């Protein structure tokens, strides 16, 4: 028997408010399945809506960071927070975006050993400091980003993505949110139609 | 000269989308001033809306926790994250709600020495673990809450408030968000009409 | 009912040796009340005398540090040691000396965000390293002080004040020493005659 | 261009002493490729031989731990030491032994959320303490193992495997040892002939 | 050439105030040499007097702790603070008091492996918590002491000795105070007349 | 009664395989006694052989590090891992090799205060980083070694010795391996014929 998706009740799709259910079906159509984070957070529709709005505001936004780079931030900081759900689910998305099957595992364990550019390492160094010691972030950290061509708005993006997924990591850890099995293999096999 | 509210640009009220400006004016009417967190986050209206929605979903929600208890969680965990803005602003709100002028300073420094109930200490112990080591939260932590009469939904509230203000703490630290001067004294003087 | 001042017995004034009682009455005359640290430590008159002597040797001494700067050191390191008594009591004294009602709360939470000079931040960086990792203090730390014009004697002052209040923080934490209510408001209201 | 296997020189197979080369060819025959740990450590044949001898003494030994359980220990503690090589290579071996494609990722991130038995969680709790704070290991830790049926010899096995791979993690981190690409996918796809 | 005793000026004996010099000569008569802590701290006679007064108040006091047990506390906590002077000097005194040449090295490295009683281990557990995390000391820690027959006054002694030598450790680390060569061998050789 | 050498069974010499026993007698002839690490690890002859082979490969090897410098690495990192056996036993060997009776105690507590060269401090800084945070070791750490004339092979030596004794520290801590009494005094008294 499969372990539960969440230690909290998981709502049946047809018990959900229309907008929440619609969002789920949209994602399902695109991904082929409903990621468990949607099912877990939908236990509280208002919080669900706020989370999705925050998520979209940051991840769909035009930015100096590529979509793949945003996922790198999520994977690296979720590794630091030891959040199984986000490492596995966003690791999958990172592989798909970057078309590099090895990248997510590298970044989740130690981004310093990953096949990424020095600029991306600087981005992740900033993200990791925001994640683990934000009170010490200061002018020198912004200067290090600037040396690699990041703007102030990019710094905001890095910080805000780290902060939002810090929230998500804590909720996933507390709810024992379970990654969908599908994520583990996504983007690993060249011809997989994920 | 006063230091800036944020290291990022702070939008003029009349440059803001209507709904964002309206929210600000509402708060201003109620509090007598616009808390700088609104001005700082409004630099990005979509993220502003998501933050406010998340905030209201958690803090205005009926719950097994009182409004004052929710603020205790924010003050204790913001102390752990060394976030000046949230310690000062939510410390003020906590004093006002609880009508106890000493409480916020006690909880910000060390909740174990605060004038609160054993039940409230258990609540803050759970919050602090979610804040600093969420990956280790487990059955024993939920059991400790239950012994003090907290439900599973209360546990979600404690975790989610901690997680949301962990996000807020990181943004405030990275932006060097400055607490409004008004907060420092609010709720400290018995007859103050704050 | 008010919680006790200390978990240990608190001596009645008239049971104390003359010199100890005299010291108390002196402070009471000046401050309007007897700070609880005096009442708590007087449980052991010999240790009381040594503590007061050490305190006076460092705090009344002519120095390259102003009286307000010495209190900044106490507030910042007591924050790091999470000592409620010293954050509240010396926070009050700091406000009174510097006539800046916001300063103590800023420094207690995160001195990097406080309204102080770069020289004062260098002073507090040295103090925090002595407080949390003194074994690693070395030539580079003294050099950083010198760049801001601090002498070797000033470095001794910073270290010794940090060290003495590290002692005091530990005794206050172990005895659950309670700050007098009066301290919380001292120096916050412009016209208060504190 | 592929990044190098190691920051140190990697010997050509035919430059190696006979016994070392033979060992490599043996492994290659079995696995289909030579794991980079062999090539990296063979830079120093004497250390190579000692490492292989230690490895075989612990991993080929009859024990109260299954072969899969031994790999769980390696994956969990290598995650704690943030060793990319061992997480990826032993994660692969764990998947193959246990025929559970999800297990290695779960254990590398947070064994508390993995699909393993309470007995296996107790085993990993002991391993993690040996890994991160061995000086504090004491009678209570052995007692916790005994409650799950582990013998003293099993405790030695858990400790020694943790200790040996702590050595291996440090060498892999210092040499920037690169996992073979083959490991990332091994044991993930049901029909894969790994 | 011998490295200096202290990075700060060391006063000549005949330049010192009478009472300070007398104290030094007294110790010299008893120990055969002047411990460098006296020479280092005498750079500031008022602080010297306060330190000696505090030291004597705690170490010469009748107590539920033996003289050897007080030294155990100093050695264990000075090890945690990585203070070379206090580990070496008080290690010597501990060997002399307890007539156990192995004890000091054991306690400095890991008191859990030392040849001491369970009661002494409980005493050192309390001291180590006061040393490294005094803000978390609470009722359960006092209860653990009581189980081994320690009174509240004994708890004060343990805490105060830990706190005073925490001060001393920080001053020794910052001044690079050098232990006298004599201490290293004292109490190690059965018939040595140290 | 003496405490046991190990919490695991210690084999009688004549129950051991010939090669293992021979190794013991060899060491006994040279040192005058059998170090307890041999007796403890011989509980598992195969692991014993591998450990001795690894040890000899690293410590008997020609290297840019002197024999005394290799022992400095062992003593410093064993201090960080709080391993009583290795601090005491290798402290003894270090004293003998370097003919400096004070050195081992200095390095075990805080190598920054030891009577060693800047080059040796750089060597120990690298070793300590490998010991406590190997995942963060990078180009800058190798560059710091090069500035002091260390080659890449020397860096391997430092890392490998640190890694091997990290293994040894963990086994000694878990087995409560007891240092032979003889070690404590070795090399301390000028004329001792150790």
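A, B, C, D, E and F label the chains in the order they appear, each numbered from 1.
Just so we're on the same page, a residue touches a chain if its C-beta (ideal position, glycine included) is under 8 Å from a C-beta of that chain, and two chains touch if they have at least 3 such contacts.
Remember, predicted model here, so these are calculated numbers, not experimental data.
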| Under the touch criterion given at the top, what is the topological distance in steps from subunit B to subunit E? | 1
| note | Neighbour overlap between subunit D and subunit F returns A, E
| task | Give the fewest steps needed to get from subunit C to subunit D, where each step moves from one chain to a chain it touches. | result | 2
| Among the chains, which one keeps its Cα centre farthest from the Cα centre of subunit B? | F
| note | Distance between the CA centroids of subunit C and subunit E (whole Å) is 24
| message | Just the number, please: Cα centre separation of subunit B and subunit F in whole Å. | response | 51
| message | Can you work out the whole-Å distance between the CA centroids of subunit E and subunit F? | response | 28
| task | Please work out the Cα centroid separation of subunit A and subunit F, and write it as a whole number of Å. | result | 44
| query | In subunit B, which residues are in touch with two or more of the other chains? | reply | 82-83, 110, 135, 173
| query | For the protein chains shown, what form does their contact graph take: line, ring, star, complete or other? | reply | other
| Complete list of chain pairs which touch one another | A-B, A-C, A-D, A-F, B-C, B-D, B-E, C-E, C-F, D-E, D-F, E-F
| field | Sites on subunit D touched by subunit E in the complex | value | 135-136, 138
| field | Contact footprint of subunit B on subunit A as seen in their complex | value | 7-8, 43-44, 46-47, 49-51, 53-54, 56-58, 61, 81-83, 130-131, 134-135, 137, 152, 155-156, 159-160, 162-164, 166-171, 173-175
| query | Which subunit A residues qualify as touching subunit D in the complex? | reply | 3, 79, 82-84, 87-88, 101-102, 105-106, 108-110, 113, 115, 173, 176, 178, 181, 184-185, 188-189
| task | Spell out the residues on subunit D that touch subunit B in their complex, using ranges where they run on. | result | 110, 112
